[in-house]
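First chain A sits with chain B, and in the next complex the same chain sits with chain C.
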Partner chain A sequence: MLAYTFKRILQGIITVWFIATVTFIAMHAVPGDPLANERATTEQIRLNLEQRYGLDRPVSEQYLVFIGGILRGDFGISFTQENRRVNDIIRENFPVSATLGILAVTFAALGGILMGALTALFRNRLPDFVIMFLVILGISVPSFVVAALSQLVLVDINASLGFSLLPVAGWGTLRHMIVPSMVLGLGTMAYLTRLMRSSMLEITSSDFIRTARAKGLPPARIFLKHQLRNAILPVVTVLGPAIAAITTGGFVVELVFAIPGLGRYFVEAVQQLDYTVIMGTTVFYGAFLVSMVIVVDLLYGWIDPRVRLE
Partner chain B sequence: MDESPVYRDPMSRHAVRQVLWLGAIATAGFLALMVALAWASSATGGGSLVGRAIDVETKTITRALAQEPPQLDSTRATDQVSLFVLGHIMEGLLRYDASNRLVPGVAERWDVRPDGATFWLRDDARWSDGRPVTAHDFAFAWRTILDPANASEYAFILYYLKNAEAINAGRMPPEALGVTAAGDLVLEVEFERPVAFFDKLVAFAVYFPVREDFYVSRDGRYGADTEDLLYNGPFMMTRWAHGAHVRLEKNPHYWNRDTVMLNVIDMPYVTSDTGAVVNLFKDGSIVSATLGAEQLDDAMKLRWDLGRYSDGSVFYLDFNFRPERLTSNLHLRKALQYVNDPGELVNKVIALPGYQPAVSLFPAWLTGVERSFRQEYPPLTISPDLEKARQHLELAKRELGVAELPPLVLLTGDAPIANKQAEYFQNLFSRALGIEIRIDKQIFKQRLEKMTSGDFDIVAAGWGPDFADPLTYGDLYASWNGNNRGKYNNPELDDQVRIAQNSVDPRTRMDAFGEIQRILIEDAVHLPNYERGNVYVQDPRLKGVVHRAVGTDPDYSQAYLIENP
Partner chain C sequence: MSETPRFSAADFEAAAVDRQLQAVSRPSLSYWQDSWRRLKQNRRAFASLGMLVALGVLTLAGPFVWRLDPAAQDVNQISQAPSFPPSALIVDPYTAWSGVTAEPTRMGDVVTGLHLAEAATTQAVRLAWEPVVGAAGYVVYRSVYDQAPDRALGLPVGEVVGADRVSFEDRLDLEPRRYWYAVVVMDENRAEVENYAALVVDAVRTVSVEEAGLRGWVQDVSTLTPGDRIGLPYHPLGTDYLGRDMLARLLYGARVSLFIGVVAPLLFVLAGVVYGSAAGFMGGRVDQVLMRFADFVIALPFLLFMILFKVTFGIGPGESGVFPMLVALVLLGWPSTARLVRGQILQIRQEGYVSASQLLGARTGYLVFRHMIPQTMGVILVTLTFAVPSAIFTEAFLSFIGMGVAPPTPSWGSMANEGIRTMLSHPHELLFPAVIISVTVLAFNLLGDGLRDALDVRMRGSE
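Presenting the complex of A and B:
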């Protein structure tokens, strides 16, 4: 177990290095000048700027400086917010994205498992049809539509109530988090519902369930111990990547609900060619994703003893 | 999907009960987690307490911010949001009043001569730590801007000062700059060349003061957080949660504090999504919202009282004058000029209140010698004329030696209005002249790259003013100007730009701008499209907000609240 964990961590480090290098190359290959602005600068001002950011040095040297920075845990200074360190940006804004992400994933996982189990139990009956219709809706409607729509509905609810039931946007208290996390988790919940449904159906028709029924076990026990526990495995598998995807993919929700998450910095940095922020957030998210996958792999062994980790 | 047999027995009903139980437990767990996270996030201080839009009692207004201010070090700020915040928390030698006249700021009186200027500072101007604002603070700020190590993008706007350009290039030490503090309250400025609008320049944020001992004590973090700034303006920043919340409160040390009526400007929402901002306004959470085209119908339905103003920028199509480009041909440009109809573009295509058709590089708000520049030097109007356009097109084809013109590349940005504009011209040029336009839509940095390297025939461009003098536009097409991305090169125009730059006589300068305007139109150097407007809705209890083309916009320093509108 220990050797396995160690091996996975080593693999993870190599993966992160690979991600960093490819991003570095891609970023420099993208056309566009990180220092350019609508207002053209004079030769001299441009030269001064290049020196400040070390862009006057050859690319190979910039790469070494950057890798050295990562090893020291220092991502440098943002190009667009010139007196903020990328480390500070991540430290201040990632917790917001993470909070939103955890809530969204919890919402998605609980809802997905619950509704998936329900659809399986009521297969080809009304609850199944209704939920599956909603699932298809949840998967196909893009998040910016859901986000804008839910905000609009909130405004109307608040207006008709005459007081603010839930805030329309902003961040800070529990009341701010409810709607955005549900909007953010909706797509994943729909996906997990489908996954859970097919997995439940497969398990329900298997021999050991029939045996359990024949033995006369109470239905609740069959459901919990035999069906749910076995059916939940594929859901756990996708949960790790889903957490990473949700915490990194909150750009639209963060924009619409004015949430100070890292997702906005991530997307805006790419648009602005903010080299240090691109590299910092990519490496950070890369490491985050890799560690999530490792955690899920380890969890797997715990949930399903048949999986041998060694 | 249906590979398994169906069980419809009492067992599944029991199971359903079980599932519902599980659901209840899960919901309870979810709520518990939310409470825990909410508690954790408020414990780390990330919480933003959101009030309502207006509190007349405490004189507080709440509004949204389009983005996090990227740079509050006034020596390095360049963007609108930073300049908006800086305009409230800092004050320069002079400032603009509600009717856009220059009035005393830190300087009580001033004298601008062809070779230099003198500013007499008031003795009651204070920093937010209670110490006086002195002439040394201005001298230090200006030297810092020109120090090459500081790499200020706006350094060029100080090149009028003696030795400024040499210092910025590292050929002279910053101490050689032509600015000296003659005592604490007199600032002496020497010019490199005569400058007719220096009083307007010192009202600009880049000319704001910075106190040396404080700047040095922050060790490179000046302007990074609330405690890394000293304030000498009407407000001070009491809270700055990056990307989340900016809060300004009245500065008790400000010399002119009796004219400041608001106590708090709270900005707990940071988003560039206009839909979200309008929703916040509708909800009563913020005092004002800028509208986009999508929100306009809604606003009409709700019978909102809309405000509108010109933000000072002018937008146009620029041509590429590099010899290998077809657009370097005068007759081709003339043909396009004769079908250009800014009125149709603005009224039928953009269709947003506040936008005005552009007829010249010099927008309508600029002042000439006495009256508006537009009145004193009316531009030659070219009304659409299909006959003339086709004649020019034939001449162009003959000169270029082609029977049929190859498609022209129109480079444009990715904003909604840029899309509409590009599609309109694509349609117009093809319909009227049979010229095929290929739209090259690029995001910001990539568009700039292509503009700079000349990878276009036509580009949708625009210009926002730095200072309230026609020169902020007038030198754009000078052969040496880096913003002249089409590389237009005309010695006659260059001569006029030099006159406008070097003369201090208002009449001579305005004549030069008049000439520049004439050349631009006669030579079809660009096609004016629109002067950008801003449509907004504002809570009727808030009064005295000033909007302007140059300087702090919007300006809340004289704003006040009334109980019953």
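Presenting the complex of A and C:
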């Protein structure tokens, strides 16, 4: 297990380096001048600004400075807000995105497992058809449409109740978080439901379930102890990519619900071509996602010892 | 010990050969014929296929049938909801109204007898009411909703001073729709009292002869007389916030969205097939290096890098931004197909018939094209079908956050992005692009499910 952990972490570090390098190349290939929308009125000001951001040095040196900064955990200073460090921006905005993401993943995982188990239990009966119809819908409707529709519905509900049951937008209390995290988790939940259903059906027809039935175990015990526990395994494997999809998919939900998260900040930074913020956020997100995948993989190795042997 | 079986001589006579038994009773079906048969049995998938074909025809032929320019603005019908062909009543040109005055005789804090002095048109709404003794004046409110439920009177459109002036003419930006007017009395301190008188008014779209000519709604002005009706430019799905025809924009947007949604997956699936089969076929160290690189590309956070690459490739002035998006999608999309195809190729390489073929002297090229590619074709086709909706999603998503197709070019995602701003007042601007994106993605997903069941024998019946 230790060797496996070590190997995965090493792979992760190389992956983050790769992400950082691609980000660096992509940002330096952007047409135009990073200082074009700066107040570089005279040649001297321009030179000073270039010096401040290290743009006067050769690209190879800039790359080393960038990688060195990442190793020290320092992403530099924002281009558009000169007195703000990228680290501060991440520190202020990421907790919001992370909270939203954690809630969404929890909702998606619990909902997916529960609904998937239900569909398998009621195979080819009404609950199965209803849930699978909703699942297809959940996969096919884009998250921004769901977000906008839920806002429309909330406006109507709040208007007819005469008070604000759940806020339509904004961030702060738990009540603000409920709808956005559900909207964000919906697509993943639909996907996990499908996965859970097929995994459950596969388990149901396996030999050990028949044995369990034959020796007279109560159905509830078979369902909980034997079927559910084994069927959850495939769901755990895709949880890593699911976390990635949810975290980066958070942009749109943050935009629609006016949530001050890092995703929204990233989109703004791209619109203003704020180089350091773009590079810093990308590398940070990449590192976060890679570590999430590693954590899930290790967790999986712990749950299912067979994986470690491979 | 069991008894030794006894045989008679008759047991050793040659049996008659029954040719009928060996005849194939049904026509033999190739893999593709069989798959097609299975697909046709799946009603959902087949209906989806039909719908996608219809959508394709609509996308290609639509702009030739519905010839309205998607960029043309109809400034008379901005944010028009879907409706029947609108028409306008021809009226005389506007003339000033002197209004109504009456001596107040009645006490009270609310006016009575609020009525229309003339028929309400989009030219002017002329209101008149009975005066109230002691009023300093009256305030007229206009709302597009019923005021009664929450006493929201709406927009104060005007104020008349003096108890005896009992009329008001509203000419403020009138649209052909229903308005709720309210008149509130001002007391001697010119403060508005609590109660109000209300009137529901349906404004009729009218236009003067001269104006109809200027706007180009009629060819020959001389034939028009007041009281005639003329038809106006018709927008069956309404117009957007700039007065552009929704149907024309949806049809042109389909070209952009479906182009990205179909061409990008085609390209990256092709790239993935080449890459993956190369890796799988060469095996060994080359395979390891190639696949490690694919793993790295998979680890890139997809949407972040879509946005990043879009910025890198840039959009010049006057460009639509379709090409950068295509390149970004291909650059990020290929590894998952490559992985899948590599796995398939590795598996097929182990098969007996491949070894047999090799033993008979088949070359690499022959092996790949005769055995490997046809064997993986089913899986590739299924991957492609599922890649299309996700590419359409990505385009919609990027255009929605303003990182996709540049503004004048319509795409379903950018239309949804524009629609969400006016979602509360004009929901149709969001609804139509949203519905068409969802339906298209749904159809591709159902077709993909059906294809997977029909083509991939191992996956059959697992869901």
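As a convention for this text, the second predicted complex is superposed on the first by the 290 of 310 C-alpha atoms of A that agree within 3 Å, B and C clash if a C-alpha of one lies under 4 Å from a C-alpha of the other, contacts with A are read in each partner's own complex, and residues count from 1 in each chain.
We take it that contacts are C-beta pairs under 8 Å (C-beta built on N, C-alpha and C of every residue); 3 or more make two chains touch, one makes a residue touch a chain.
Small disclaimer: the values here were computed from a predicted structure and weren't measured.
Engineer: Taking chain A as the common reference, can chain B and chain C both be placed on it without clashing, or not? Answer clash or fit.
Structural biologist: clash
Engineer: Give one of first, second, both or neither to describe whether A:136 is in contact with chain B, with chain C, with both, or with none.
Structural biologist: second
Engineer: Quick check for you: in the superposed arrangement, does A:240 touch first (chain B), second (chain C), both or neither?
Structural biologist: A:240: touches no partner chain.
Engineer: Looking at the overlay, what does A:202 touch: chain B (first), chain C (second), both, or neither?
Structural biologist: Once the two structures are laid over each other on A, A:202 reaches both partners.
Engineer: Touch test for A:123: chain B only (first), chain C only (second), both, or neither?
Structural biologist: In the superposition, A:123 contacts chain B only.
Engineer: Touch check for A:285: first (chain B), second (chain C), both, or neither?
Structural biologist: In the superposition, A:285 touches chain C alone.
Engineer: For A:178 in the superposed arrangement: first (chain B), second (chain C), both or neither?
Structural biologist: The first partner, chain B, only.
Engineer: Counting touched residues of chain A, say whether chain B or chain C comes out ahead.
Structural biologist: B
Engineer: A:164 contacts which: chain B (first), chain C (second), both, neither?
Structural biologist: first
Engineer: Quick one: classify A:266 as touching chain B (first), chain C (second), both or neither.
Structural biologist: Touch status of A:266: second partner only.
Engineer: Between chain B and chain C, whom does A:255 touch in the aligned arrangement: first, second, both, or neither?
Structural biologist: The answer is both, since A:255 touches chain B and chain C.
Engineer: Output the chain A positions appearing in both contact lists, the one against chain B and the one against chain C.
Structural biologist: In chain A, positions 30-32, 148, 151-152, 155, 198, 201-202, 255-256, 271, 273 sit in both the chain B and chain C interfaces.
Engineer: Per the contact definition, I'd like the list of chain A residues that touch chain B in the complex.
Structural biologist: 30-34, 36-42, 44-45, 47-49, 51-52, 80-84, 88-89, 92-93, 95-96, 99, 102-103, 106-107, 110, 113-114, 117-118, 121-124, 148, 151-152, 154-155, 158-159, 164, 167-174, 176-178, 198, 201-202, 204-205, 213, 218-220, 222-224, 227, 255-258, 260, 264-265, 271-273
Engineer: Going by the contact rule at the top, pick out the chain B residues touching chain A in the complex.
Structural biologist: 1-7, 10-12, 14-19, 22-23, 26-27, 29-30, 33-35, 37-38, 40-42, 44, 46-50, 64, 68, 70-71, 73, 76, 78, 148-153, 155-156, 165, 168-169, 220-224, 228, 241-245, 268-273, 275-276, 279-280, 282-283, 285, 443-446, 448-450, 452, 481-483, 485
Engineer: Which residues of chain C touch chain A once you look at their complex with the stated criterion?
Structural biologist: Against chain A, the touching part of chain C is residues 295-296, 299-305, 307-309, 311-312, 314, 389, 393, 396-397, 400-403, 416, 420, 423-424, 427, 430, 434, 437-439, 441-442, 445-446, 462-463.
Engineer: So in the complex, the part of chain A that touches chain C is made up of which residues?
Structural biologist: 14-15, 18-19, 22-23, 26-27, 29-32, 136-137, 139-145, 148-149, 151-152, 155, 194, 197-198, 201-202, 244-245, 247-249, 251-252, 255-256, 266-267, 270-271, 273, 278, 281-282, 285-286, 289-290, 293
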